[in-house]
Amino acid sequence: MHNKTDIIEQIQDLWQHLQDQQPLVHCITNSVASNFAANVVLAIGASPAMIDNPFEAEQFAQIAGALSINTGTPTTEQTQAMFKAVKGANTAGTPWVLDPVGYGAILSWRSETVDDLLTFQPHIIRGNASEIAALAGNQSSAKGVDSTLQSDQALQHAQSLLNSSPCIAISGATDYILSQEFGIIAITGGSVLQPKVTAMGCALGAVCAAYHAVSQSSALAAIAAHCHFALAAQNAAEQTHGIGSFQVAFLDALDQLKPEDFNHIDLKRIDPKHSQLNSL
Amino acid sequence: MHNKTDIIEQIQDLWQHLQDQQPLVHCITNSVASNFAANVVLAIGASPAMIDNPFEAEQFAQIAGALSINTGTPTTEQTQAMFKAVKGANTAGTPWVLDPVGYGAILSWRSETVDDLLTFQPHIIRGNASEIAALAGNQSSAKGVDSTLQSDQALQHAQSLLNSSPCIAISGATDYILSQEFGIIAITGGSVLQPKVTAMGCALGAVCAAYHAVSQSSALAAIAAHCHFALAAQNAAEQTHGIGSFQVAFLDALDQLKPEDFNHIDLKRIDPKHSQLNSL
Amino acid sequence: MHNKTDIIEQIQDLWQHLQDQQPLVHCITNSVASNFAANVVLAIGASPAMIDNPFEAEQFAQIAGALSINTGTPTTEQTQAMFKAVKGANTAGTPWVLDPVGYGAILSWRSETVDDLLTFQPHIIRGNASEIAALAGNQSSAKGVDSTLQSDQALQHAQSLLNSSPCIAISGATDYILSQEFGIIAITGGSVLQPKVTAMGCALGAVCAAYHAVSQSSALAAIAAHCHFALAAQNAAEQTHGIGSFQVAFLDALDQLKPEDFNHIDLKRIDPKHSQLNSL
């Protein structure tokens, strides 16, 4: 039903809507990511607002184009703000993304928060392989907030999370986007430098939210976001091998991406039964 | 009374004082801006200190050269710190800047905080057009924390705020600085890339404070700060078109600005009655 | 007992262990430093995790390779997290670093926190000269969180702190590392641009922790960290004179440092009685 050309055309349309509408993206994120995520959201063409107190989050989520929630460095007040924001988002029909940073046995306090947030049915759940596997109820390991699994190792586990959200996105050397609508989409690209820059994943969650602000489809928003991210990272890695200068070049590349660049994305559909890559 | 040459000479003197004295700038700012604002304050020659807890803010504001308060991501403790700091500043005669980020109907909690802070008579109020118009009691619109008005649209409204502060600064493609002392000063320059970098406005608030630490005149401090900022942004934009690399080049340019560069600033006085640009 | 060649070989071994093991570094740091410190820790080869809430800090410090505590912008919850983390670290034998940012008479609240933390015997105390002198009970002055003393002016005072910790590190144009094991080691290098970039010292504290995760010796970890930092800063300063671009080049250089680069470090032992530099 969806061949590669169709999907890419839809992505290009979303990208154009993003530039035209510059939607307001409500972010509740961690102290490490806040500046970088805001700059990333600006770079892709949207308008970030970091409203993370419990006294404003509910009302603000109602007027935002989308909401991104990230559990990287939660405080008591910020955690309260997350629930307020989700309530506001669900009341107003604002799409929202859950990025369960650090989910797992060691960080049990935030993991309980994430379990509770999950009952409010996020539109997209985005995480690394360790987080997604753990969130799906599997014994998993992680190194702090970094994954010790490859993204494909979380694929099977991730299927069960489709009960909690219409779209599950697992980031890694290959990104996997799971949904009823598109099945499993694999996006390969990006750069080996990405894991050497902090908050890249956190910023990607906010980009998913930004694309969802202009998309009816959660899965298409997540796919577009991951494609935009992977292409910009590839372009940036062509400019530099340094990890500091890569971060700078990445912001440049996110902003300078042209719609025709999406034609070059390595995007495939996977048959979950055979776990093999099928060309679309 | 103040022709352009006089003003520029006074700015150049302030810049020299800033380099000589490297004043301590007490900043209470948001989580997005904290790193960038600290680097900006260092880049212009001053010494930033982000003291934003209610247990130290009052005492610290008394020994600081100036205080900058920004309501971008307020917490309960940080809000308490703001009032403590303002009390300390007013006790000790420390000049202080209020940057009412996000002021408006949607973000009512912080707006009440700002209303209360306003009664303590900040030396400079600095904001974007939407914030200034809303603060002046006008129905206004904003996109989150970004302005949907042009800076000149807030000019008329801003006049009434001169009851609350001796100097009102509105940033935009053209910046306007209002005061009894200088009337309305318009500074045109900067770069179209500035709105694509987060926390630029927040950092400008801290720069106003830094200049005020070496200035008797609130208006002159604000004018100097906006000139320094606009010239550095112009110089940076000549180096790059990328928004990531612009941020880097901007820090370089703030630091590398030479006093003679101020001779090239596009600075005019405006007649508020006719709303026309008059050459000084 | 330790000649220069021996020390450098031990540093090179530690560096290799760091690359091989990529240890998990638990950081509780300030809002200005969090992003930069995380990127610095990634750049040297380790894995940062900013876990700064009191509900997770104790458990996390037990599984981390090392812990870094920094008092730059403490909140009530973060302060609680510091004590929980230290308790967890000491229970599990996790080495930890204390960076007493802002210690002194003006910032008395955090200074009391630091005094209490000190009773838990940090493995390394790292600070600038004003902080170390004040921590040793001497009348000292500081400009906010920046030092007004040269690092050698704190040398004598620092000796008494060896009762509280096996290793005291004072950063400045010349860094001094004090310990029973190595005596006083002086490392000269780095760049004059470093004080113009915020959070450099804070990041250095996290680097000390990262090296301690792979070292039995606190002093050797601190020496290695300061050498890595100083060499990277020198290399970065050869690339640029701009303070924004220096920060970027510094991250590149931290990552690109080669073990043989340590051969070029200016490292000396000082005789505390004569306060003279002695070649090792």
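Residue numbering begins at 1 within each chain, and the chains themselves are lettered A, B and C in the order written.
In this text, contacts are C-beta pairs under 8 Å (C-beta built on N, C-alpha and C of every residue); 3 or more make two chains touch, one makes a residue touch a chain.
Note that the structure is a prediction, hence the values are computed from the model and not measured.
Undergrad: For the identical-sequence pair chain A and chain C, what's the CA-based rotation angle in degrees, nearest 5?
TA: To bring chain A onto chain C, one rotates by 120 degrees.
Undergrad: Between copies chain B and chain C, are the contact residues mostly the same numbers or mostly different, with half as the line?
TA: Both copies touch with mostly different residues.
Undergrad: Find the geometric centre of each of chain B and chain C from their Cα atoms only, then give the gap between the two centres in Å, rounded to an integer.
TA: Going by mean C-alpha positions, chain B sits 34 Å from chain C.
Undergrad: Multi-chain contacts only, two chains or more: what residues does chain C have there?
TA: Answer for chain C, listing residues that touch two or more other chains: 31, 35, 75, 247-248.
Undergrad: Mind pulling up the chain B residues that touch chain A in the complex?
TA: By the definition above, chain B touches chain A via 30-36, 72-76, 102, 106-110, 143-146, 195-199, 240, 242-245, 247-248.
Undergrad: Would you tell me which residues of chain B are touching chain C in their complex?
TA: 22, 24, 26, 31, 34-35, 38-39, 42-43, 47-53, 55-56, 59-60, 63-64, 75, 77, 247-252, 255-256
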